[in-house]
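Some structures are shown below for you to check.
Shared between the two complexes below is subunit A, which pairs with subunit B and subunit C, respectively.
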Partner chain A sequence: MRESILQLRGVGKSFAERGGVLRREQRRLQVLDGVDLAIHSGEVFGLAGESGCGKTTLARVVMRLLAPTAGDLRLAGIDYGEWARRPRRAFYRQVQMVFQDPYASLNPRLRVHRILGEMLTIHGLANGDRRRRCTRMLEQVGLTADDLDKFPHEFSGGQRQRIAIARALIIRPRLLVADEPVSALDLAVQQRIVDLLGTMQRKLALTLLFISHDLHLMTEFCDRIGVMYAGRLVEILPGRRLIEGGRHPYVQGLLNSIPIADPRQRAAKRPLLEGEVPAPGAHIPGCAFHPRCPQRFAPCDHLRPELIEAAPGHWIACHLFSAT
Partner chain B sequence: MFRSIWPYIGAGIILLFAIGAILAPWLSPYDPYEIHLSEQLAGPSRAHPLGQDANGSDILSRLLYGARISLAVGLSVVALTAVVGVLLGLVSGYYGGWIDTLLMRLVDILLAFPGLLLAIALVAVLGPSMRNVVIALAVLGWVSFARLVRGQVLSVREREFVLAARTSGQSDLRIMVVHILPNVLSPVIVQATFGIAGVIISESSLSFLGLGAPPGTPSWGAMLSQGKQVLLDAPHVSIFPGLAIMLVVLAFNFVGDGLRDRLDPRGGSGRRG
Partner chain C sequence: MTASEPLLEIRDLKIRFQGEAGPLNILQGVDLKLLAGETVGLVGASGSGKSVTAQAILGLLKRPPLLEISGQILYEGSDLVTMSAGQLRQVRGRRIAYIFQEPMSALNPVFTVGEQIAEMVVLHEGLGRRSALNRAADLFAEVGLPDPRRRLNNYPHELSGGQRQRVMIAMALSCSPQILIADEPTTALDVTIQAQILRLLKRLQVERRMALLFITHDLRVMAEIADRLAVMQAGRIVEEAGIEALFHAPQHAYTRQLLTLIPGRGGGRVVP
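Showing the complex of A and B:
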């Protein structure tokens, strides 16, 4: 077993919905529900799922932007409770994040050299050659020294995302969390940003938690993929095996919804997902997917399936694959 | 920079009054305290372009010195309240929780007071002086800034560049000062401009009621008050300070409107970014 840089055990996050005059809690929205996950050092882990399934919440819990309401997390073997007692910058020296919307994630009033240089200052890495280090980082992500003195609004979406990547990587973190880093970009630009992330990941021996809803993009890029549904992980398997080997009924439904270019193959009618994704936090007993599942049977509506290893490296949470 | 001409006119008027205030000792033809009882209430003449008041003092000279009081009180109250209000609004919006609840309930309570009445009461307790007028107006003045900034912070706080600042590992103080403050300042500038106009009116009102500068001080409000007793016999004693108040307040409002159109992204006319 390889060393895990990030471990989640039973991580849950629920939000209180308050109402009435006294702002009393009306009900709890369970957005993350018992997430177990270990991300290995040096891998690209893809986290997939439709919008509203809790991917972004998971990223924010990992980044300590939100506090989990259940379970515990460890980064580099150290519990988050222990990290909280250390200086904030020590934690963020290990893990950095690239956000979804490059138009919102850069402070519009700071020039690029300040956006990057600030990171060096905060982490005590600015010893004289600040500008040179910023230049080198900028060149690594495909921009030039001339861009240092520009403001974010002078760049295109793809270029802005390159700046955001440079900001995250200039302090050489061990883990990079990329939350839908390309979904706000033009299709033509998406692949180039993914390629850049891949290059940087190899060059810096980075661990990457890549969050996306684009299964097609992820199969080639991710070593392992975890698929989430309604706040839970339903299947984890090697990325290149996803298309052929995805077994969970939800994952199969997702795969069937990927358009196929060849019209002859299209003739074979594939079952598509029925119904709608449940509202975030909706409480569904048993398996969260059972109301939409074409293969549901006796235990599904009251017994929650656990994530079990159906084949080496392939984990599924579905009663179809439970031994018992 | 501005689409219409009015903000420029406003800025021009403010500039003229500011020059008049700063250079009052050199520009005034007479000593504003000089008394000529033989020339009481004399109308405008070649020697006294705006006439003389009940003490025979030169009204033009008094207006120039009065500009010092109005602008100084306006600027100092707004500077003081803007700094305090922005700081409290920033903290309230950023941290939320009990600190926010506490501050905003205090704001609600202060907003429930009729502003000028509270100022009158405060000056009555503290005693009439310019310093106490500033204090009385500042006690309520910070409230609108705090409220405005808090609302702005609440929306900016959730934007991704602030989340990115939090995940960069920097301190809360630095996040507030470097990343949030510059992005909430535009409406504060607009509010401050209108605020100066409001304070000048309040100061004039307090002086008019005899609660401002000590008797004899050339404050516009006090001059108006003095003129009201002779309104029918010598209207020029009231008209000129009244015009001065109106012009300066109007000028600040013109500039405020212009700045709002220019800086408020929701106005749609300003350049983004």
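Showing the complex of A and C:
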């Protein structure tokens, strides 16, 4: 068993929906629901799913930007309760994040050398060679020393994302959480940023939690992929197996929905998923996917399927694959 | 009119915008034909001029930034470029309808979607309010909105992104247009909803024998919906071909480059 850098056990997150003059709680919106997951040291783990499935909430819980309402998390073997008693920077020395929007995530008033340099200062790593370390980091992400004195607005979206990656990695964290880091970029730029993340991950022996809705992109890039639906993980499998080996009916529907770049294979022949993802407040008994599932049977509308290892390294939460 | 005669024909369309640093040549001589009952895809990177072409057809370009427009957009013997605003209103929405990427900005947040679509039906077809609402419900059913009668009473914010796009499509269909222009209609949607909307648009185009001008930067989406494809680069159409020919025997270097960038095709991946 490989060492896990990040472990989640039964992690849940619900939000109160308030209404009325007294702002009383009307109902609870369950956004994450009993997530179990271990991310191995040095792997690229992809988290996939459609809008509202909970993947961004999961990232925010991992980053301690949101407190979970159930379950517990461990980073580098240390419980989040224990991390909370330590200085914040000790935690963020271990884990850093890259956000989706490179236009919003960089301070527009700071030059690049300060954006990077502040990270070193905060973490007590700023020796006399601050500028040299910033230069070296910038060069590693494909920019140059000349860029140190520029402001974020002088860069393209792809270049800004490179700066965001440099900022996250300059303190050498062990885990990088990247939430849709390329979905705001043009296709050609997307591939280059993904390649850069891959290079940095290998060079620095980094662990990467890569969140995306683009299954094709992920299958080439991720060692393992977990697919979420309605706040739960429904399938985890090796990345390169996803397209051929995805077995959960939702994952198959998701795969069937991806447009195929070959006009001879038009979707008209493929079965598509009906309906839409449930609203977060909808309490669906049993399997959350059963109202849309073409293969539902007796247990699905009242028994919740557990995530089980159906084959080595391949986990599925579906009654079709439960031991009978 | 015979089937091969174009419903809409763009001839040598040139458009200049006022930019911050002087005039910009946005379109540099675009030629494009749209036949009845076919789906033409207009593909290209952002800034290539796809949306400006659509807006020119619809007469939606404003001065400024519009500086100069020349060429012709021929529809039923008249030129949309030189048509008066009043005449254009007779064509736009009635004969040529359109849907955009973000349906929320095209819907009025303070009226129910039923009121908004009924208003269009009353305006264009002179129906009474009750029959207009009945017609709206029929249209909602046609675009696959579940429980169409009840949907009429929903405000836009009560609907999901996919449902809002279905409402937009219903509104576009409300006057039985000959031409439907769809500008990135699925780009903001999740992949399962995108697949549903693409299938819906294709079915409606075939059933109603509309011409569909479909604009997107995503060639995978084009492969699912277009019969013919025009590739735009820097204000020009650099290649135009049937969809299979374009995917399997691209002629222009830019088309080939676009094809290698498609995720999951294996090509174009730079291995460090």
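What we mean here is this: the second predicted complex is superposed on the first by the 316 of 324 C-alpha atoms of A that agree within 3 Å, B and C clash if a C-alpha of one lies under 4 Å from a C-alpha of the other, contacts with A are read in each partner's own complex, and residues count from 1 in each chain.
Rule of thumb we're sticking to: contacts are C-beta pairs under 8 Å (C-beta built on N, C-alpha and C of every residue); 3 or more make two chains touch, one makes a residue touch a chain.
The shown structure was predicted, so the numbers you read here are calculated from the model rather than taken from an experiment.
Considered on the superposed subunit A, subunit B and subunit C are sterically compatible, since they fit side by side. By the touch criterion stated above, A:164 is placed in contact with subunit B alone, subunit C being left untouched. In the superposition on chain A, A:100 makes contact with subunit B only, while subunit C stays out of contact range. By the touch criterion defined above, A:311 lies against neither subunit B nor subunit C after alignment on the C-alpha atoms of chain A.
Between the C-alpha centres of subunit B and subunit C, as viewed from that of subunit A after superposition on chain A, lies an angle of 80 degrees, to the nearest 10. In the superposed model, A:282 makes contact with neither subunit B nor subunit C.
In the superposition on chain A, contact of A:84 is made with neither subunit B nor subunit C. When the shared chain is aligned, subunit C comes close enough to touch A:199, but subunit B does not.
Once chain A of one complex is fitted onto chain A of the other, the partner contacts of A:16 are absent, as it touches neither subunit B nor subunit C. Applying the stated contact rule after C-alpha superposition, one finds that A:258 touches subunit C and leaves subunit B untouched.
In the superposition on chain A, no contact is made by A:67 with either subunit B or subunit C. Of all C-alpha pairs spanning subunit B and subunit C in the superposed arrangement, the closest lie 12 Å apart.
Counting contacts by the rule stated earlier, no residue of subunit A appears in both its interface with subunit B and its interface with subunit C. By the touch criterion stated above, subunit A contacts subunit B in their complex at residues 60, 63-65, 88-93, 95-97, 99-101, 104-110, 118-119, 122-123, 151-153, 164, 167. Of all residues in subunit B, those touching subunit A in their complex are 159-161, 163-171, 174, 178-179, 182-183, 272-273. Of all residues in subunit A, those touching subunit C in their complex are 50-51, 186-188, 190-192, 195, 198-199, 213-217, 219-220, 243, 253-254, 256-264, 266-268, 272-277.
Every residue of subunit C that touches subunit A in the complex is listed here, in rising order: 45-46, 146, 160-163, 190-196, 198-199, 202, 217-221, 223-224, 226, 243-244, 247, 259, 261-265, 268-272.
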